[in-house]
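Right after this note come the structures.
In the two complexes that follow, chain A is the common piece, with chain B as its partner first and chain C second.
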Partner chain A sequence: MIASLLPLWILLTSLVGGLIIFALREGAVWPRTFVNLAAAVVKIILVGWMVYGVYHGEDFAIGYELLPGIDLAFRADAFSVLFLVLSAILWLITTIYAVGYLEHAQNRRRFFGFFSLCVTATMGIALSANLLTFLFFYELLTLATYPLIAHRGTAASQRGARIYLAYTLFGGALALVGTAWLYVLTGGVDFTTGGALSEGVIASHGAALMVIFALLFFGFGVKAAIVPFHGWLPVAMIAPAPVSALLHAVAVVKAGAFGVVRLVYDVYGIVPSFEMGLLTLVGIVAAVTILYGSFLALFQDELKKRLAYSTISQVSYILLGTALFGPMGTVGGVVHLVHQGIMKITLFFAAGNIAETLHIHRISQMQGIGRRMPLTMAAFSVGAFGMIGFPLVAGFATKWYLGLGAIEAEAYWVLGVLALSTLLNAAYFLPILYKAWFQKPPKGVQRPHQGLESSGWLLWPTVITALLSVAAGVFAGADHAPVYWAMIVARLEYGGLL
Partner chain B sequence: MSGVLFIPWLLPILALLIGWSSLRVLTRAALWTPVLAVGVVLIWLKERFEVLDLHWLFLGSQIGLDEQGAALLFGVAMVWLAGALLAVRHLRARTLSVRFFRFWLLALSGSLGAILALDPASFYLFYAVMGLSAWGLIDYHRNTGSRLVGLIYLLIAFLGEVLILVGLLFVATGLEPLPSFAWIALLIGFGLKVGLVGLHGILPLIYHAATPPAAVVLAGAMATIGFLGWLRFLPLGLHAEPFWGSVWMIAGGAAVLIGLLLGLTQRHARAILGYSSIMQYGMLTFVVGTILAKPALWPTLAPLITLYLIGHGWVKALLMLCSEYLQKQGQRLYQIGGISLAAVLAGVPLTGGAGAKGLLKTPLAQSDLSAALFFLLAFGSTLLMVRFFSTIRAQRHPGPIVSSRGVLEGLFWGLLIALVLPWVSLGAALKIEGLYPVMAALLLAWLWRRTRGGLLLAFAPGDLTHALMRQLQRLGHRLKKRKQKPPPASIQRALPTLHGERVEAWFREGMIWVALFWLVVFAIALGG
Partner chain C sequence: MMVEHTPWLLTAVPLLMAAFAMLSARLAPYLASVSTLICGTLLLQALEPLSQETIIHTLGGHAAPLGIELYLDRLSWMMLALTWLGGALCSLYAFFWFRSTGHAGVAGFWPLWLGLIGGMNALFVSGDLFNLYVALEVIGICAVSLAALAQSREAIRAATNYLLATYAASLAYLFGVGILYGLYGTMDWRLLATLAQPEAPALLAAGLMIAALAIKAALFPLHFWLPSAHATALPPVSAILSALAIKGAFYLLARLYIQLEMPGSLPALLLGYLGAAAILYGGYQALMAHNIKRIIAYSTVAQSGYFFLIFAIGGAMAWQGGFLQLYSHIIAKATLFFAVGNLALAAGSVTLEGIKGVARAAPLTLFGAAMAALSIAGLPPSGGFLAKWLLLQSAIEGGAWHFVAVLAIGGLLSAAYLFKIFRYALIEQPEKRFNDPGVWLGWVVLLGGFISLLFGFVGGQSVAWFDLSALSLGGAS
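Moving on, here comes the complex of A and B:
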């Protein structure tokens, strides 16, 4: 009984944690931190249990009928497990970071409360068994994130949050229309390996299905920051660093990408998507986003903005992998969900730490920062090399499988996109590294203080995610590495075809 | 026993992590890793290893030694040892830089690892580590000049690595026949390391700009690994690829010619060695082209190419060392050494050069083109060596007399003897024809000296690449909206002074012509 309700327990840990935090007084720092960390640890244990179960073929499914024909249903498959593990681990690490980051900030109760709700929504997205449940949590995520972006309460942060809300509500509306239409046509969409649409529906409603696909794709695409719906992401940079980190690595952009992957594989099915030419749409949008995002990143002097444009570009690798018809492309796309998460969160943690410790926000001020904050910059360098696709860091495995996928699908132009984006990534990351490590710091600047280069709360999470990124790259071929799980996903989706 | 295969590439990395700022640990690792690598080869000779199948490492690594790998590992390790010995000595006189040895260890690990890696992904990994960390060896002085050279090197290295990645992806899928896309990526990707015409100038440019110990390993070890990429991953010996064979042959022939013509415009000793490398790799590129056209030649030629690569690496490394010694006064013994090396490079009978060339030539005997190219190679190498020695004579500066006793000197003479002596017994090294091009070149040099002397044209090291670098610098200034500053002294020294502006105009046009040349070749390739 306890085991079969596992999806529910996983959701409840952060939900209950969030509610308790709302109930605590603002000044109750240690009880709040305890609840935060305890919930995160319990969640990791539960997710670990689920991973074990899924790996041994156990089926975690649970559903409640809300209205006739409309279920709130949860289920765990290999793909959800991948996303769950990522979210659970990074939630714990980000919580630690956030406790240190907000040490002297206002309204921490509100912050951590919504932070927990945000994670609950992400877990719900990962565990949804049908399109409607997915949409429910997708919208919950939009709402839970808004107060986090606006947290500082300044005019700029309120503006950023408003723009974010405008974009995502628009995306949500598109997705809602698409979902409703699809429910009318089919009577219900459970996520199904190989596709949920029957052949009859595909045969009789071809044109409508294409429009619905576009609605859902662009609806989810807003959160995944595809061009031309990417505008909110650089503006939302105004949020506190832990929020940006979680936004870019796990919660919001990943929810969008996760939605697109579900849409292609488990709603339409990879073969029908391919036959209806829908993959071409996804592929072209992804390629344009990858190059455009990288190109714009070149011109940003604000560190977090450059990282934001880099996210726009990197998340579309996931979509690109989805668009490549063949198991290798799937591996590349699905694994990037994890790889991009751990690398990008490292970069944001490092940027936040630099901003907090040295009050440096611009790349043009970063001369010699490597000497002042060696560990932080080392972690940043790991993330940057990973984004470039340097072997030894996780990002290379992604590029390798995407490349193999492109050849498998005979889409050689994708190799050009990969090559060009690699060069662009190098062009906007290497100058930062050069500045930080090889240029002299301005005169009179010393290391911040004796001993540790910054607060340990901010430093150690950064170092840990950097180590995770390296481990995922060096041991990419090991059992239970992200690539391994991505292969399980690919094997399931192409089960009948291999 | 195959566990020892971890030593050559893992040891430098571990030493780097443990002794991050301890110069003692870093230099010890730089010295001992090559020695242990040679030890690995010795163990291998006694007992062949199995390939290590490390599915958990990277994307499923296969680390192993085959005959080709063992020979190369030995050859390349010797070069790294010589370089490390020189670095320890050379850099002690200046601010001995910890940073330099960090990059050194990374590059060392990469280049030895690339020899051991049998699967495309791991090869790429090691190759990329080697290529990128070489930047730290090139931009050692960190003045404006070396920074620019470092930048252009990084640009070209990155371009090369991205193309190699694309090419190796095709290799990894095992697609047959390889599409044109893959051929072009592999040609340019690895070609950039061995002086592909167009961006060939990067070799002389970096040899000239790097510190002497870095130049030793750049010329003697890293370019060799670039060439190894072709040997490992081109479908050699499988089926005939006449078209791509001819593309490689054209690229190789052009490199021999360009290396000679542009090498004669140089006034810096190490840059001349760079042009000589372009010629030598051009010849080998031509041979690879021949094999692509006639796959039956592969089994005979494979070991010979490896041998030639090792020999060439040693000669270049020793000539780099020699140029260091000869620029100090009173090094009569090293003059003999230098001239012997020049003789090996030119392929004078009785030397290893003649032996290697002779062996290589025999299977190619039917082709007139290859015979002509071999003649040109010997002729050109002799001319470049004459130029090399007269440059050194002009640049000689008084310095402390270097001891002729020491480990480095022992290694120098040991390798030199290995390059000359054992070949005497080999039939191929005895053919008197080997002497003709050398005699012709010496005669020409002598006549030139008597009648006119001097250079017809003086180009900066790296010709087109140098011009490209200057353009980049200008672009950088323009982007930063700075006023055009006169180039700093470190660049001015290296600039053509005889024909300044006109020469630069030639280069700009030259780049267009080179670009057109490759465009036509690739257009035909993609169309056919």
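Moving on, here comes the complex of A and C:
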């Protein structure tokens, strides 16, 4: 009983935690921090239990009939597990970071309450067993994130949040129409490895299925910030650093990418998607987004903005891997869901720490910052090298498998995209590292603290995620590394074909 | 044995309490609670027998066509139950609102409000066109008088317009009833359904009655009286008018639609297209408004459009979606008007500029309102989402792509106009001072929002209770 309801407990830990936080007084700092951390730790334990179960072939599935014949249903498979583990671990780390970051801020009750709701929605997305459930939590995520982006209440953050909401609600409307349409054609879409559509439906509704795919792809793509729906992401940068970190690494953009992967693998199926030419659409959009995002990143002087454009580009690696017909491409795409998460969160943590400690927001002010905050900048460098695809950091594994996937699918143009993108990554990250490590700080500037370079609340999470990024790269071949689980996903999807 | 008396008791009890409430303003809220408790018990008792059959009560023991029969079937029960729930919420809010403001309208409020409940309950169980006329009149008179309680110049003017509109509609309706009585010698509509022929006078009568009900249900472009009347009334009254009063007329139209076997007919299509126009027009007007009460009032025009869509889309699923929307709207709209009332108390203003920063003073209110807003915008988890899903599916199934577009755009418009309220409320204004609207008023909003959210999970379980085929089969008995 307890085990079979595990998906529900995983959702409830953060939901109940969030509600308790809303009920606590604003001034109750320690009780709130305790609830926050306790919920996050319990969630990690529960997720660990689920990973163990899924690995040993246990089937965690529960459902509730929302409308006649239409269920709100949860289920855990290998792909859910990847996203769950990523979210659960990064939630704990981000919570620690956020407690330090918001030490003197206002409205912390509201912040942490919605923060927990946001995680609940993300968990719901990871555990969705069908398209309607996914949509349900996808919309919930939109709404739970809005107050976080608008948190500071200034005109700029209001504007950023408004633009975010306009984009994502528009995407949600596209996805809703697509989902309803698909349900009318099929009577229900349970996520199924290899595709949920019957041959009869594919044969008789070919044209409609193309339109539905476009509706769902662009609907989910809005959150994954694909061109031309990427405009919200740089302006949403106005949010507090932990929110940006969460937005870029785990919750929002990943929800979109997760949706697209589910759409291709578990709704349409990789073979029908390939045969209907839908992978080409995904591949082209992903390639354009990768290059365009990286290109625009070159021109940003504001550090967080540059990271934002970098995110636009990096998230589309997941889509690119999905678009490559073959298991290696799948491994590269799916594993990047995790790799991009831990690397990008490191970068944002570091940027936030620099902004909090030294009040430096622009790259042009970053001379010699490596001497003033060596650990933070070291973590940042790890993230940057990973994004470029340097060996021994997680990003290398991604690019390696994407390259293999491109060769396997005989899509050699993808190798060109990867090479060009790597050059662009280097071009926008290396100047930052050069400035930070090799240029001298302006005269008269000292290290901010005698002891630690900054508050430990901000520093240690940054260091930990940097170490995770290295571990995921160095031990990419180990059992239970992200790559290992991505292989399981690929093996299941291509099971009949290999 | 008790159960067969349920139909008339549901009307008699609130009306009796209304009469007592006129005698003592101080006791009135308690009389309202008694009425609510009794009606709730009656409804619960009727639940079990209704799963098998329709409850029929013959007044004075004379069967139709000579006597008057009252019918209570599953659809009426759902309407009664939701009116009960929405009404209980409104009573709760009204009690705390009058207590905290000490507004002089309280003396008139309780008798009129109880009268309105009695009228609505009568309407849901009447099976006789003249009885229905009387019920509509009671609802109309009580609603107009409630609207006038605010006593400001604008409120009086708006209530006068409301009065004229509702009277014109009543006359047209009565004229239609007269024609039908002259033709067929009965006013029992289940008998009429078997007797009526598609002849010119009967069609004229049906047209008059449909137009009359469309005015009372505020269907675009006959909604002209609604925005001002609902926006100028006292907050508890706005909630009552928007959430409940207009639903009676729509319910009658839906009954006519079944009894006259209208699916696919020209008037049904016309109603559906006007509903679609209402969604877009009401949404646009709400988006352009600066007064938050007007935003919510125009939202009612738009949201009512969704109910009317079912006439054009047709089919069981659309029907379920339309009624789910109706039920969800009762709770969500009442909650939003409560919230607007609280914001007005806190900020002393009902303009968007005026409520800037009010979030600090009314967090409970805003949180509850956000939950209700989900339903209006058709976002999960809410009854509104389930309703929109059913309507979308039925529109797609029928190939009605223009309605699919209307549903999608309508949802975005509602999200946009509701969002404006939250956006202004959340703009930080550190130097501004607000009043405290009182914690109880906030809790009522939170309760309403919670129920609205709950509908998103349990609403779907109820759709079997208004399935179309069972209703049309329950004809002449």
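By our rule, the second predicted complex is superposed on the first by the 498 of 498 C-alpha atoms of A that agree within 3 Å, B and C clash if a C-alpha of one lies under 4 Å from a C-alpha of the other, contacts with A are read in each partner's own complex, and residues count from 1 in each chain.
In the analysis below, a contact is a pair of C-beta atoms (placed from the backbone, for glycine too) under 8 Å apart; a residue touches a chain by one contact, two chains touch by 3 or more.
Not measured: the values here are computed from a predicted model.
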| item | value |
| --- | --- |
| Side-by-side fit of chain B and chain C on chain A, or clash | fit |
| Partner chain(s) touched by A:L392 [first = chain B, second = chain C, both, neither] | first |
| Vertex chain A, arms to chain B and chain C (CA centres, degrees, nearest 10) | 160 |
| Which of chain B and chain C A:W49 touches, first, second, both or neither | neither |
| Touching partner for A:E65 - first (chain B), second (chain C), both, neither | second |
| Which superposed partner A:G477 touches (first chain B, second chain C, both, neither) | first |
| Touching partner for A:W9 - first (chain B), second (chain C), both, neither | neither |
| Which of chain B and chain C A:L415 touches, first, second, both or neither | first |
| Chain B versus chain C - smallest C-alpha distance in the overlay, whole Å | 40 |
| Shared chain A surface residues [contacts with chain B and with chain C] | none |
| Residues of chain A touching chain C in the complex | 22, 64-68, 70, 72, 110, 132, 135-136, 139-140, 143, 147, 150, 152-155, 158, 162, 165-166, 169-170, 172-173, 176-177, 180-181, 183-184 |
| Touching residues on chain B, where the partner in the complex is chain A | 54-61, 121, 124-125, 128-129, 132, 142, 154, 158-159, 162-163, 165-166, 169-170, 172-173, 175, 179, 181 |
| Sites on chain A touched by chain B in the complex | 389-392, 396-397, 399-400, 403-404, 406-408, 412, 415, 418-419, 422-423, 426, 430, 438, 473-479, 481, 483 |
| Complex interface listing, chain C residues touching chain A | 363, 367, 370, 374, 379-381, 385-386, 388-390, 392-393, 396-397, 404, 408, 411-412, 415-416, 419, 423, 426-428, 457, 460-461, 463-464 |
